[in-house]
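Structures for review follow.
You will see two complexes here that share subunit A, one where it goes with subunit B and one where it goes with subunit C.
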Partner chain A sequence: MTAKKKKKLVKKEAKKTVKKAMKKAGVKKKNTKNAAKKVIKVKKKAAKKVVPKKKKVSLPKKQNAGKKPAFRKAKAVGTSKKRNIKVDVHHLTRVEGHGNIVIDVKNGIVKKCQWQVPEAPRFFEAMVRDRHYSEVARITSRICGICSVGHTLASVKASEAALGIDITEQTRNLRKLLKHAENFDSHILHIFFLVAPDLLGAPSVFPLVEKHGPVVAMALRLKRLGHEWGALIGGRTTHPTTVVPGGFTKLPTEIELRELRAKILAHEQDLVTTADLVLSLAGKIPNFNRPTEYIALSSDDDYELYSGEIKSTLYDGSIATYKVADYRSVTNEYLTPQSTAKWTKNRHESYAAGALARFNNNYDKLHEKALAVATKFGLKPICTNPFMNSVAQLVEVVNDVYQSVALIDQILKDGIKDEPLVRPTKFSKGAGAVEVPRGILFHEYEYDKDGMCISGNCIIPTNQNHANIQKDFEALLPFVMNLNYNNDEIKLAFEMLVRAYDPCISCSTHYLDIIIEE
Partner chain B sequence: MSKPKVGFFDFASCEGCQIELTNFGDVAFLELINHIDIVEFREAMSEKAGKLDIAFIEGSFTRESDRKRLEEIRKRSAIVIAYGACAATGGINALKNHQHDYHECVYGKDAKAPHLASNIALPISAAIKVDYSVYGCPMSRDEFIRIVSHLLHDKQPIIPNHPVCMECKLNETICRFHDGDHCLGVVARAGCGAPCPKDGIPCEACRGFVSTPNVDSLVKTLINKGGMHSSRAWNKSRMFTNNQRGDVK
Partner chain C sequence: MYDDSVGIRVANHLENCLNYHRAGIFFVDLSNRVFDLISYCDNKTSHIVIVDTGRLGLDAGDYKVIRLEQARSSKKRLPKVSVDVHSTDLFKVLDFARTLYKELPIIDLLIIEPKEIKLAEGISNDLARKIDEYSKIALAALERA
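So, the complex of A and B:
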């Protein structure tokens, strides 16, 4: 069979799978059980090979006995026994920051299967020392260009905790609206510019301009909306200006907010089109599951992006909660030689942060229209397929739109009031957390009596996902070998996995207080 | 005339200037790619190209190991443009350049680990010849378009060298000092349109100093008009202009 024919076959099969999956969303068929069992078997074996010292991962069958693999049927396990595979992706493209994928299989034995982060370290925690509290968020915002809104918000929250500043209801609501804008903006960027090319079989978004002109125009239109929405509240979306400890230095007018509300709702049809587009490509999302721990901010009254405490849901449904101030007991950072970024771990061997983690923790707080999209894709808690993070992002995009409209209504009902910045009442140490597009983000600072920063610590979601990506790698390799993927397909599957996490690597390469494990 | 081949590259940075490109929206962005052929852009595309007419480089030069990659880009590019503060001046990355213990502060006892090697942050002009710079953190989208447009028309791009104060006057923005705040706009390079004072925050000089800043006078102004104590006033301008100060390195 030629490669082209093969590809066609794969496409056909993928289409069938989607149809089935849509019809029977979540329903398991008995003839797929065997295949799934085989996968588990191989996974266990491989886990042994890759990390011989560690205990076997206990994989509950229920979580793993998923639907039929999307790419192609599982073939006999033995066929991949004596394979040689070499994948060396230096500076993976279409992710934010620099990361390498290194896979080396000799005679069917895994020699190396690594997610490496070689991004140049940037030393932000050293930079904030001896800077005034009014400057700190402006400095740490520069950690990341995509989530600079999130870094700014986490930073001012931490500073406010350290300075004893209690912000007003209006500030809180406007910040929530700004947080939704960032989530929307970043997810749109990720879905269309970084993930869609893989699903459409293109190397990037640029060749899509000719073939899928209206789609690219729509993507840019939605991106523009996200930018204008954020810029109205934050001054601009890359390194916002108006967000400072104690409140806002400039407020939107009620007229501007009404215009924004109308503008957001004018894009409703684009959202439907986006969902349909992703749904038509969903068959190309590999049906790969690896049960892990999911960590996100959570509260009783909202699908949290801005407030709440830390919640952890394990693959088996067990829940734990922690105070934001105790974030270090959740992140337990450690250094590894394969990365310039620190890794984290909590109750499981690794944990995931991000849209899927938020979905798994807080799905019951989603807007009904967002839940409807989740149902369309068969996305249900607790979903253990990391590739589904992109679908969870789509669900959140819809949620951002409708929860923001409700927020704007609330802000307009209360009326915009000219409020002075709330001043510090003390100078001490404090932590703050927000959900940025890629997951939970922690900032912590300590200030001296003049309001100058003594020390800072930032723990970025991509850092928290690095270990989880590595563990996924170790499980994905036997999975794709078992499906007899050729080397190009394997490379693509690994690249897609990393892109599904939407990693922001430039963010994550800086840390404080190194703890070495083992 | 065939469209010029353009590549985008990144080094130590937040990659926010790349993101600014996507913030043009549908109309401006689609118009832009009518005039230039983007052939290499790691964050957005998997393709890699050969000869380039224009290379846009983002991020600071912080590791000796990055020199080769920079030289390789220089070799195959007719014009090299440093875009964004990190590439143009070292930007925020240089804020640690006056410290001697930043490795230990961040990495503790692992500071000497080989894969964590990183030196002080320098503009990319410290490694290769740079033809033009687009200043700012983030870079100004309007200025980016203006420079690309100038180059397409075979004109020399004009990079402003007057202080931000002038732009505040044009905007009729109330001076930060009059509002009881402080500001670096008096010695900061303009060209951004002074959005920060307009939004009620001081200029932090993200585009760097003008070519001949009177730093002593700045410190005096920060003390007398901005109400700062002398050590804070002296250190104030480090955030984006550390490499341009006399007391670094």
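So, the complex of A and C:
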């Protein structure tokens, strides 16, 4: 057969194939020329297609709250190989501070997948220099309006370590009580106002008021409990005034503590309702897991928010512990071009701090009622699903309530004593750590012989989480692409991921050394 | 925030210095957490007095008491979907409270003309010497229907 005849035959066959396909599809208009070319192209491509060998990857057991996978199989929008995805969320909403989600995929190739932090540095570590130790916590509490209690406590702990101050048991218990108030208040805000709208398909809490008014009112009642609880011990809702190095400037009375105890327990039913509500939405929590390192404070006594050593738990269960004074060997801060906040790493490229990290490290220290809530959600260590951080926060809310009632009982049993402030016995360098709602927080100061601050350093849980968010991004993208999510669904998944960390972004940008090149 | 701290100072003065305690009256320090005001707007509250600085074109230290209905925000209204827990427009927050609770308690604003607002501790003398007066005005506003 001549080449010319062969060509004619191919064309004839192509026309027949196209006609058949058009008839099947019910297409009447004939436009066979380009269609024929496409058919030939598809056939050629089909001949070249190579099916890759399936690789076995062992991952930790998946943890998911709901029975149905939340990532439903969407309609195919094209294979991963050909996908073009563009997501550019400039200043993500429903988080504290400013962060950008940038995803750029062209023909299935990932060009960019970044969590960017453009917040300006805040220079608090510079502000505390040449300040007396009595002023330092007042300044650093202004790092944040949500976790000002945590910053105050970390600051006084660091100052007390530097000044050789050993606080009394009463001071320790009152500070723990204050810490629980902050944790409770912040988690309620996060669960109801920042995360719930995503689970209910709303852009924010505002549209939820019409259909879910009683739930919003309950959330505000719980928040108000948190303010009043914190204000009683700390002197104010925000930027506590009673916590100073060495003790408290003002103590609650026994009557006030009894009233607080009654007020807390009066909200028990609200907690039950909250747990049931979140459980009803749990099926919408994405079922995504990634092997991660988890870092939190830990001790033998308590589900720690205030004391203890630094504990690291890997996804495989291996544990490492470190002294708080050696925190720099854990955090290993470094700069990255996509973020004005520093990143951190420890045993792996990144680690997570926060409620889920605390849960994975200290599960066995939870109050039994908090454990019961965790069981309802199927949440158990070691959970490697970052979206479950919000459920871990709910577990902690219950724990905060019952551990605080126990603390109040202990304080009342011991009796409230009017104790003088413990004075410094030395002037040197010291570090302090507490767990704020978003994770482990470090402060460190050095003082001269007059008690004036020479230097300061703060490492915030959110800046410890930035690298982990980036690693989650890099794993989440192929995950959602393989599920054939459309661009809007991908955008939402990434927004939800960042929100799950409950980031406090403007807290996380502190002090940068700047070199000006002229 | 220098003179912008006058609201907290009045609340502290009423509670700690005047030792003003009467059943059913609470002093709440909102600081920059305006969003937290919403929980106080429920139907168990009959009257709220908000004490803060505001530019009214008066001499530093002078003040006005106005009902909420007489005031408008100078900020551009944000679309209904956004909320910022750190620094939210008071009027937007009260809109939200009105939607939630259907009706707001009586809300008075004690607005004090600042001399200077800056990132510093302390308060100007123009305002400092009148804290007692502002406290009494706030109480009087609370006690009138």
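Criterion: the second predicted complex is superposed on the first by the 435 of 518 C-alpha atoms of A that agree within 3 Å, B and C clash if a C-alpha of one lies under 4 Å from a C-alpha of the other, contacts with A are read in each partner's own complex, and residues count from 1 in each chain.
The criterion applied here is as follows: contacts are C-beta pairs under 8 Å (C-beta built on N, C-alpha and C of every residue); 3 or more make two chains touch, one makes a residue touch a chain.
As the structure is a computational prediction, the values presented were derived from the model and not from experiment.
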Combined model on subunit A where subunit B meets subunit C, clash or fit: clash
Which superposed partner A:H239 touches (first subunit B, second subunit C, both, neither): both
Touched partner set for A:H466, first subunit B, second subunit C, both or neither: neither
Which superposed partner A:R175 touches (first subunit B, second subunit C, both, neither): neither
Partner chain in contact with A:E210 - subunit B first, subunit C second, else both or neither: second
First, second, both or neither for A:F193, with subunit B first and subunit C second: both
First (subunit B), second (subunit C), both or neither touched by A:R122: first
Subunit B versus subunit C as contact partner of A:D130, first or second or both or neither: first
Of subunit C and subunit B, partner touching more subunit A residues: B
Subunit B and subunit C contact sites that coincide on subunit A, given as residue numbers: 93-94, 96, 145-146, 189, 193, 203-206, 209, 216-217, 220-221, 223-224, 227, 236-239
Interfacial residue positions of subunit A with respect to subunit C in the complex: 93-94, 96, 145-146, 189, 193, 203-207, 209-210, 213, 216-217, 220-221, 223-224, 227, 231, 236-239
Touching residues on subunit A, where the partner in the complex is subunit B: 91, 93-97, 118-123, 125-127, 129-132, 135, 138-139, 142-146, 148, 189, 193-194, 197, 203-206, 209, 216-218, 220-221, 223-224, 227, 235-239, 241-242, 244, 249-250, 335, 337, 340, 450, 452, 506-507, 510-514, 516
Subunit B - residues contacting subunit A, complex: 11-20, 22-26, 29-30, 33, 38, 41-47, 59, 62-63, 66, 91-93, 95-96, 99, 101-103, 105-110, 113, 115-116, 118, 121, 137-138, 195-196, 199-201, 204, 229, 232, 235, 239
Subunit C - residues contacting subunit A, complex: 8, 28-33, 36, 38-40, 42, 80-83, 85-86, 96, 99-101
